[in-house]
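Note that chain A is present in both complexes that follow, paired respectively with chain B and with chain C.
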Partner chain A sequence: MIYEVFRQERKGQPFQHAGSIEAPDDHFADVYAREQYGRRGESAALWIVPRAAVLEIDEFVDELDRNYHRVDGYSLKAKLKEARERAGTAAAAPDS
Partner chain B sequence: MTPKEQGFLEDVQAGGQVETTDWMPEDYRAKLIKFIEMHGNSELMGVLPEREWILRAPTLQRKLALTAKVQDEVGHSQLIYRVVEDLGKPREQCFDDLISGKSKFHNVFHYPTKTWGDVGVIAWLVDAAAIISQKALLKCSYAPYARIMKKICWEESFHILHGRDVILTMMNGTDEQRELVQEALNRWWGPLMQFHGNPIPREDDPMYVWRIKSQGNEEARQQFLDGYVPQIWELGLTVPDPKLRKRDDEGVWEYTEPDWDELKHVVTGHGPKTADRLDLRRRARENSAWVRSVVLADAA
Partner chain C sequence: MNEQEQQLLLQIADDELILGWRDSEWTGIAPMLEEDVAFSSIAQNEIGHARGLYELVARARGTTADELAFDRTPEEYLCARIVELRLMDWERTIARHVLYEEADATRLERLKASEDAEIAGLAAKIDREEAYHRMHAAMWDERLRGEQRYLRALDELRPLLDERDGHTDELAELWEQMTVVRRSVPGATW
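The block that comes next holds the complex of A and B.
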């Protein structure tokens, strides 16, 4: 069976994919993962996951181009300039 | 090349990376398997010259360090063969092809180790040459391979220290010990200069074109010379190449043309120790067959 190994370098950091191992069962997977990724104290923790249990999503379709829930949906520069002019504060305002 | 393959090529050349489950051209997959399998073979065969010295190491500390290094290198081969398996070539097939001589391993692992000086030169300079190639693989277009290179490069960094420590200890020792280091350097210089391959332009190297490697052969060799020749010279050792010098104007190293015929002869299975080491590998595989069958039967 193939297991994917994710390692955390220090407590609090994200787990990152390190590699995969092949083992006949969970017990051997534990031993092999320790040998490959924990032998020198280089990992705070490991996640060992059977590859078959990983659900992968790699397509993120946005048919409606919904920019209102992203920062690039809000370009304020021109509007801010106009608002400052109307308020009479354009001269004193910083660049942005 | 189909438009889809062309698009893939442009993507990897622009720094794009590929995962196991992504579509890839068959030619790319075949090149990846060939390259990565040879790397796995080299890690596995590379422990044999050093293994010969575990029982003869001069101190207990050296014996433990050498044993740990052998364990590390075998671990690297396991990670690497795992990547090859995901690309479609089973590990057992890799072992069959290695033992039958169908697949290759690096030139430096086909030579004998005459003295403890050779062990120091291998761990210092052969590993230094290897780490230059391996660091360039951290940017490999095949991401699963690039990821395991992080761990491999990290472990290689201790191996170089181990090798340099062996050499420094001997250079601080008796005249006889210093002589052993110089003799070993003389033996290994030729194979070291051949190690990174002939200086074909990188654009003509399919492994570079697909961005499996991120540097050309000559770039790697120049980097090796730049990093290590000054370290060799400062110990009072002589590099056995009267033409070796760094040109002041361009900072490029000049050297005697390496023996490319020897390289080809050695890596195609005709090195002085090729047959012995493959035979040892074959016997080790036979002798450990019962362990694999027990482990797999127990899990079934």
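The block that comes next holds the complex of A and C.
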């Protein structure tokens, strides 16, 4: 069985996907996850989740067909460049 | 550190060194990739524990950990028979692991209570890693407890835990492999 392992580096931080492990049951998954992601002080906590328990969504309906509703629909870079040129600070921009 | 304490630490160090070598023989060929990582890491820990123990004894004797670990003859090692065997079947490997960790835990508890602060400190440090080894051993023990092959292996190996009079031929063979590089260039420092 494949388990997905999420680790929290320090208390209070968000859990992030660390990798996956294969184990015959929860007990083995616990021990192997500790070995690979926890026993050297690199994690404050682990979440070990059977892959089958993860609900995955990887397709989204573009229900409005209006690109300005999407984060990539509006070119901030171009607007920023214009604004910088107006303000005369173009040289300060990291990459333009 | 008195002579008796030195002998005891040397005995434990030899156990850990030889078992570390034997366990490492599974590296690359363990039953599952995750187990390969876990068991190899346990093997490496054991050799690290041996190093710490040899260093303590070496200081008391005015020698080095390397000399204690590799420059004695096989007959001079104080390890138990159980760690010497080359076991390339999983049921006996796990049976040895389970038996050894149980005995090692008792021994470490005594060392942690030692009046010698250095010995007690090293034992406490070793025990923190051993806690993981015990967890790993308990996991396999629970998994295999219903298997006849495993139960037979436990019965076969249990008497060898305290068997320290004389050595198996397997120790001499392992010693050849273990010291071949060191013996090839006498006096070299690595």
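Definition applied: the second predicted complex is superposed on the first by the 64 of 96 C-alpha atoms of A that agree within 3 Å, B and C clash if a C-alpha of one lies under 4 Å from a C-alpha of the other, contacts with A are read in each partner's own complex, and residues count from 1 in each chain.
Going forward, contacts are C-beta pairs under 8 Å (C-beta built on N, C-alpha and C of every residue); 3 or more make two chains touch, one makes a residue touch a chain.
The structure displayed is predicted, hence computed values, not measured ones.
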item: Clash or fit, chain B versus chain C on superposed chain A; value: clash
item: A:Ile21 touches, of chain B and chain C: first, second, both or neither?; value: both
item: Touched partner set for A:Lys81, first chain B, second chain C, both or neither; value: neither
item: Partner chain(s) touched by A:Val31 [first = chain B, second = chain C, both, neither]; value: second
item: Which superposed partner A:Glu56 touches (first chain B, second chain C, both, neither); value: first
item: Contacts of A:Glu42 with chain B and chain C, given as first, second, both or neither; value: first
item: Residues on chain A lying within both footprints (that of chain B and that of chain C); value: 21-22, 24, 28, 35-36
item: Parts of chain A lying in touch with chain C, wherever the complex brings them together; value: 21-24, 27-28, 30-32, 34-36, 39
item: Touching residues (chain side chain B, partner chain A) in the complex; value: 21, 75, 78-79, 82-83, 85-86, 91, 144, 147-148, 150-151, 154, 295-296, 298-300
item: Chain B-touching residues of chain A, taken from the complex the two chains share; value: 2, 17-22, 24-25, 28, 35-37, 42, 56, 58
item: Interfacial residue positions of chain C with respect to chain A in the complex; value: 32-35, 37-38, 41, 132, 135-136, 139, 142-143
